[in-house]
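The following block contains the structure, expressed as structure tokens.
When the chains are written out, they are named A, B, C and D in that same order, and each has its own residue count from 1.
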Amino acid sequence: MKARTMKRHLLDSFKSMKRNGWMTLAAVSAVTVTLLLVGIFLTLLLNMNKLATDVEKDVRVNVYIEKVATEDQKKALKKVLEQMDEVDHVELKTRDEELDDLVGSYGSNFSMFQGDDNPLYDKYVVSAKEPTDTAKIAKEAEDLENVTDVSYGKLTVDKLFKTLNTVRNIGLVITIALLLLAMFLISNTIRITILSRSTEIEIMKLVGATNGFIRWPFLLEGAWIGMFGALIPIAILTGVYLPIYSKFNSALTTASFSLLSPSPFLYQIGGVMLAIGMIIGALGSILSMRRFLKN
Amino acid sequence: MIEMLNVYKKYPNGITAANGLSVRIEQGEFVYVVGPSGAGKSTFIKMIYREERASKGTIKVGDFDLITMRDKQVPYLRRHVGVVFQDYKLLPRLTVYENIAYAMEVVEKNPRMIKKRVLEVLDLVGLKHKVRMFPTELSGGEQQRISIARAIVNMPRVLIADEPTGNLDPDTSWEIMNILDEINRQGTTIVMATHNSQIVNVMKHRVLAVENGRIVRDELGGDYGYEG
Amino acid sequence: MIEMLNVYKKYPNGITAANGLSVRIEQGEFVYVVGPSGAGKSTFIKMIYREERASKGTIKVGDFDLITMRDKQVPYLRRHVGVVFQDYKLLPRLTVYENIAYAMEVVEKNPRMIKKRVLEVLDLVGLKHKVRMFPTELSGGEQQRISIARAIVNMPRVLIADEPTGNLDPDTSWEIMNILDEINRQGTTIVMATHNSQIVNVMKHRVLAVENGRIVRDELGGDYGYEG
Amino acid sequence: MKARTMKRHLLDSFKSMKRNGWMTLAAVSAVTVTLLLVGIFLTLLLNMNKLATDVEKDVRVNVYIEKVATEDQKKALKKVLEQMDEVDHVELKTRDEELDDLVGSYGSNFSMFQGDDNPLYDKYVVSAKEPTDTAKIAKEAEDLENVTDVSYGKLTVDKLFKTLNTVRNIGLVITIALLLLAMFLISNTIRITILSRSTEIEIMKLVGATNGFIRWPFLLEGAWIGMFGALIPIAILTGVYLPIYSKFNSALTTASFSLLSPSPFLYQIGGVMLAIGMIIGALGSILSMRRFLKN
């Protein structure tokens, strides 16, 4: 194809969009609404996924220290724990701190045990590098000296992992379903607009246009419709996500949770929406024309 | 140039509009196709540029064998055949200028040439002042003349015209006929379906009379022959 | 019956297609509207059933004042005016039968009567055997005759025909003209735009010649007058 | 309007749908997909709402009994609690049971306190009729005889209520947004199909049809498209919800949680989808025609 023919197709696609006025508007707004939906849900789902991962990472092993252990022994134990391959870091929590926590959540029934009456143990809180290594760490820690007991909520952790995996899988299914749905709705909209232009295509063929020649402007038009349909959702998403992100993250300073950082995330999701809009727009256009071009 | 042998056309609804057509039209001929409404004139004509495919028989146009040719080749056939459609078939969203230019863009002519030639044919059919209008803004006869202009813009080797003066007054009709005659003189084969007996009787050419999908008369310099 | 006084029509694109039309057509008259392509015949005709609104002037049809009337009243005007459109305007998704019946359903005629009358007018235009076909399955002339059948099915008091024989062979044209003449004899006012000089010259009626949106001639029993 | 005219419009709408073939199919499938989305999300949201309410209902007040209280005094206390207007029912939980719970969740550090060493109190677990009455019950219970302490996790409950309310509000917003979106997509689809039929409408007007006469078949056609578009989602939803419901509810026998019972719920949501489809279909049809009918 000659360069000037490509230029012609480009101009033609813009002209056609403009002259189809209402139809273009209706198609663009359908794409807009669909992609807005996709954008919002993708953002929610991906962030849920992120938070789930954060929660997982937050699982720790409690290593209870014998009451008879000396300070040096405690230090040695800490070192050993820290030198384990799977361990990220180790924190001390004294029995007094722990009792405070309990009293806090269980009412004042335990306050009488303050000081030496405290029935609890000091403990090291060990964070694993990989949440799945928790069990292994616990096992190894059990055999260490000065350790009276190890706990990591076997049940709780297993349950949590299971739940999070379910959440993630459901999220994935919803995401895929949503993307398919968006693709369907967008290409369907384009299909309807093309159905209504079958006579036009017919005439083009009758005056000697090849299928390729007819297809290009429609393909481009579909892509532009998808593109314009993606712009508003991208703008809205950016405008809404940024303030939410900064608010949410400043509220969660303490914890190891955070939303996805806007810098790659918004570009990524914007790219996805633009790609969906344009590719599906163009493809939908081409595919809907097949019937009319078959001769 | 155009050769039909035992051509039958049965439409999906069961109507047989070509019932064993055999005819040979040489390069440079001017042929009128006449006959009553519904006789099969348009069907005959549509088969020449393969808007309709024959159900049976052989059709050859130039080097193209319309029966065996692949769909991919059809556009190239149509570039050698200019067509004035009975219902004009203008693209509603293109201006008069763009409609005619479209036929040239299809063959990737260069833009400067397109501009020159389009204005030339528009002038020829007397509608140069309507370049920027859309088909819906034209009168019936004006649309018909645009369709004629588009058909001749590429200087095709064959010109097919289905009732090209149906919506024109006698004066304009004669102007158009003179243009066609001139084109014919330059070597273009012309096949024209018409109900205009005056034209057929005055501007003498070969006449094919079609009735019920059959050629019932084939005379050089014949009359219209359906006068009331 | 039809009265125009100083009517102007300027289309949005700036073209003035009616340039001070004044004319009076009595109940029962038969009027030809002639003139070159683009003269304003269709515009004149379209203003009678208010497809186009006049930009200036007075138009009265029967009891309707087309300038002051409300949009809501327009359908009732149109029920008194049968129209044969230059481009047929058949509903593409309705069969021949349904297209004609539509005009009767609109006035809520009873179904049995509709059936009887539709077949009657189809017979009149010679297309009774095409009842079940869709417009796309018809030849140009056949579509035109369906448009004629639809225009007369309700036996309107005014019949407007824009080039009703443009795609018909002379024989069929004369059949149609005889039908119109018969309808006219029964008291229907007929306004017919045409390029067919033979008809105008043979079947003598009042002739309105339009040029550049003006009435340049108005003769009872006049000639077509644009012969080449 | 005469009855036979209405009949005519009905027949006409069916005919038109059939003859518009591909266009009808495209419109119906757009509605189908949209309503499927709405149906799935409505089901999820409404059930989340139900579960949230169930969780709320599950909030209880702990009334700790003085260690010195006799069996008779305990019984009397129970009676008083049961006779409060806001109370639904009262259950006894002994300190031994409670210790078992604690040992269960806190490792074996408390096992030494078994029997009389047990530092905990017996308690009555009081369920309120209305979750919001929890605070009131707690307050009244504090002044009763033989009561040493009352707790109901003021913070936890308040937080829970707040969270649930947020969940519910977000759910409501999403529901409304989704409904609006569905309405927009459906009416937009109908609009496009009508845009492509403007010449038809034009011709109808030219042969003397009143706006009402033209409108009816289009209105009906829009309604049928909406109706057909609702049928598949309703079928899918019913087919998927019933097994999930029975599975989920048999898994949750113990708790006071349950999904919405299919018997009114599926009818309700089916009704909503059918209504949205048909009303929006019809309305969308009518509204899109306005421009063409304006004369």
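A few points about this structure:
To be clear about the criterion, contacts are C-beta pairs under 8 Å (C-beta built on N, C-alpha and C of every residue); 3 or more make two chains touch, one makes a residue touch a chain.
This one's a predicted model, so the numbers in the text were calculated from it and none came from an experiment.
Where touching is counted per the definition, the chains common to chain A and chain C are B, D. In terms of the distance between Cα centroids, chain C is separated most widely from A.
Measuring from the averaged C-alpha position of chain B to that of chain D gives a distance of 67 Å. The centroid of the Cα atoms in chain C and the matching centroid in chain D are 62 Å apart.
Separating the centre of chain A from that of chain D, both taken as means of CA atoms, is a distance of 25 Å. The distance from the centre of chain B to the centre of chain C, each centre being the mean of the chain's C-alpha atoms, comes to 28 Å. For chain C, residues touching at least two other chains: there are none. Of all residues in chain D, none touches two or more other chains. If the chains shown are joined wherever they touch, the resulting network closes on itself as one ring, and no chain has more or fewer than two partners. Annotation, chain-chain contacts: A-B, A-D, B-C, C-D (touch as defined at the top).
Note for the complex: chain C touches chain D at residues 49, 51, 71-72, 74-76, 78-79, 83, 85, 89-93, 102-103, 105-108, 110-111, 150.
Contact residues of chain C toward chain B in the complex are 11, 13, 15, 34-38, 41-42, 86-87, 133, 137-142, 144-145, 162-163, 166-174, 195, 197-198, 224, 226-228.
The touching residues of chain D, counted against chain C in their complex, run 1-2, 4-5, 8, 16, 19-20, 200, 202-211, 213, 294-295. Within the complex formed with chain A, the chain D residues making contact are 22-23, 26-27, 29-30, 33-34, 36-37, 62, 64, 107-110, 112-113, 119-121, 149, 151, 181, 184-185, 188-189, 191-193, 195-196.
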